[in-house]
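Input: structures, listed below.
Both of the next two complexes hold chain A, though its partner changes from chain B to chain C.
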Partner chain A sequence: MNKSNTTESVILFSGHYDWRKDFRLSLWLLLAASSYGAGQTWLRGNADADLYLRLAVGLFPLLPLLLYGRSWMRFVRSLDELQRRMQLEVWLLASLGTLMTGAVIAVLNTNGVPLGVFSHGLGIGGAFFIMMGLWTVGSIVAIRRYR
Partner chain B sequence: MKNRLRELRADNNWSQAALADQLGVSRQTVNAIETGKYDPSLPLAFKLARLFEKPIEEIFDAEG
Partner chain C sequence: MDKTENHKSDERCSLGHSFRKELKFNGWLAVATATYLVTLYLVRVHPEWSPLVKVALTLLPVIPGLLYFRSGMRLLRSKDELQRRIQLEAWLFAALGTVVVSAVVNVMNAHGMIWSQYPHGLEMGATYLVMFVLWCIGVSLANRRYT
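Presenting the complex of A and B:
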């Protein structure tokens, strides 16, 4: 019988961390982040470049991000029923938390509250950071609950 | 839902990890079922019944 994957295998310092599994899961995220960084640098230095080229460079990180989503789906499918339920709850918390944070930032911006780096909204980087932060916290709580 | 999983596992001298391995689930799942924090799906309940060679009603008590 195959051993089931667990959420702990992709959480640092959980005691069951497996860097190979984490690497397989996060490889496309690393590519998305690095292509986003490189793309933004290129866009800042090439403001006069062809519009379609600028759009292609700006939107390119969505491709590895999509593949990152596919890696996650495969990982979730490899989990057993309890672990899948935990992930459903944790992703719900992360998505709703990010949505609510974005809504609060939008309301504060609209009403002229100074928010520094968030003065133009949460942005893709901020949204991702908050989502992964909430996912990590939620996963740790879920792991402790069913330990 | 109450169950006799811990008792049946002990009768067979299996650790939670050993039972989990035979069921193809994580040790946490076995622990969560034993402590009543999680009720297994019907396919997993059938697997348990087959493994312990007992009817499902002898392992799980829906009234509990």
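Presenting the complex of A and C:
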């Protein structure tokens, strides 16, 4: 990735969208999403499989997610100063919001409030979706603020 | 009064100012910690209280925690560019690392590896501790990188 990266190059309908850059950046994310989907389907059908195998399948999406984080950090480091700061602040907001939600869910679970699929906490899928939602909101707010 | 005394007096003023600033900044952290300890004690001593009261009490430290975060962000914005970047990267490292740790604990619990202390994932205290340790690591990594 060259030095002239901009966040608009990976935002659809921004007028500067570059699908090649977006694809290169999001490749690990696609792999994470597909491995998460396939893993969840497998886990539902194989509830009696070995514990460590189930754990390995359940935790596998973390690997492509961490690699996605690495490629995103590289992308952020090649942005200009303002956009880099915006992205760091937005990611910080998104991850703190996700942590807060996870802690609240844990407290509710501990006190016996039934939460269905979140009875063991957010998990990888829940954390990912909340973080993405907060990142989207934060990005929109930050872009509007600095425009 | 000679120049040396003036200088000493200025130094004392600046130290006093810095101490006041630090106290003001860490005040909310002290309030959050005290609230956390008191509510933890109350919830443990009175298990017969309704879940709603227990949830409200357990989540009470979130308010001073958010105020601490707000004063932290203000302090961060008043620092120079390099310090701001080091702190932002360290906080982001800590927050994302805690999200990953929390997701791993949740997945392990969901597959039957219940940790007696965290059967529903990381709560307030554990989230804070993990984040603090990761922030220390993040600051030393960022300092080593930029200095």
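One rule holds for everything that comes next: the second predicted complex is superposed on the first by the 117 of 147 C-alpha atoms of A that agree within 3 Å, B and C clash if a C-alpha of one lies under 4 Å from a C-alpha of the other, contacts with A are read in each partner's own complex, and residues count from 1 in each chain.
The rule we apply is simple: a residue touches a chain if its C-beta (ideal position, glycine included) is under 8 Å from a C-beta of that chain, and two chains touch if they have at least 3 such contacts.
Keep in mind it's a predicted model, so treat the numbers as computed, not measured.
Legend: residue contacts after superposition of the two complexes on their common chain; A:G69 is shown touching chain C, with no touch to chain B.
Residue contacts after overlaying the shared chain place A:T6 against chain B, while chain C stays out of touching range.
Of the two partners, chain B and chain C, it is C that touches more residues of chain A. Contact with chain B, but none with chain C, is seen for A:L82 once the two complexes are overlaid on the shared chain. After overlaying the two complexes on the shared chain, residue contacts for A:R145 are found with chain B alone; chain C is out of touch.
On chain A, the patch touched by chain B and the patch touched by chain C overlap at residues 81, 85.
Of all the residues in chain C, the ones that touch chain A in their complex are 51, 54-55, 58-59, 62, 69, 81, 84-85, 88-89, 91-92, 95-96, 98-100, 102-113, 118-124, 127, 131. Taken together, the chain A residues at the contact with chain C in this complex read 51, 54-55, 58-59, 62, 66, 69, 81, 85, 88-89, 91-92, 95-96, 98-100, 102-113, 119-124, 127, 131.
Against chain A, the residues of chain B that register as touching in their complex are 20-26, 28-29, 31-32, 37-38, 40-41, 44. In the complex of the two chains, the chain A residues touching chain B come out as 1-6, 79-83, 85, 143, 145-147.
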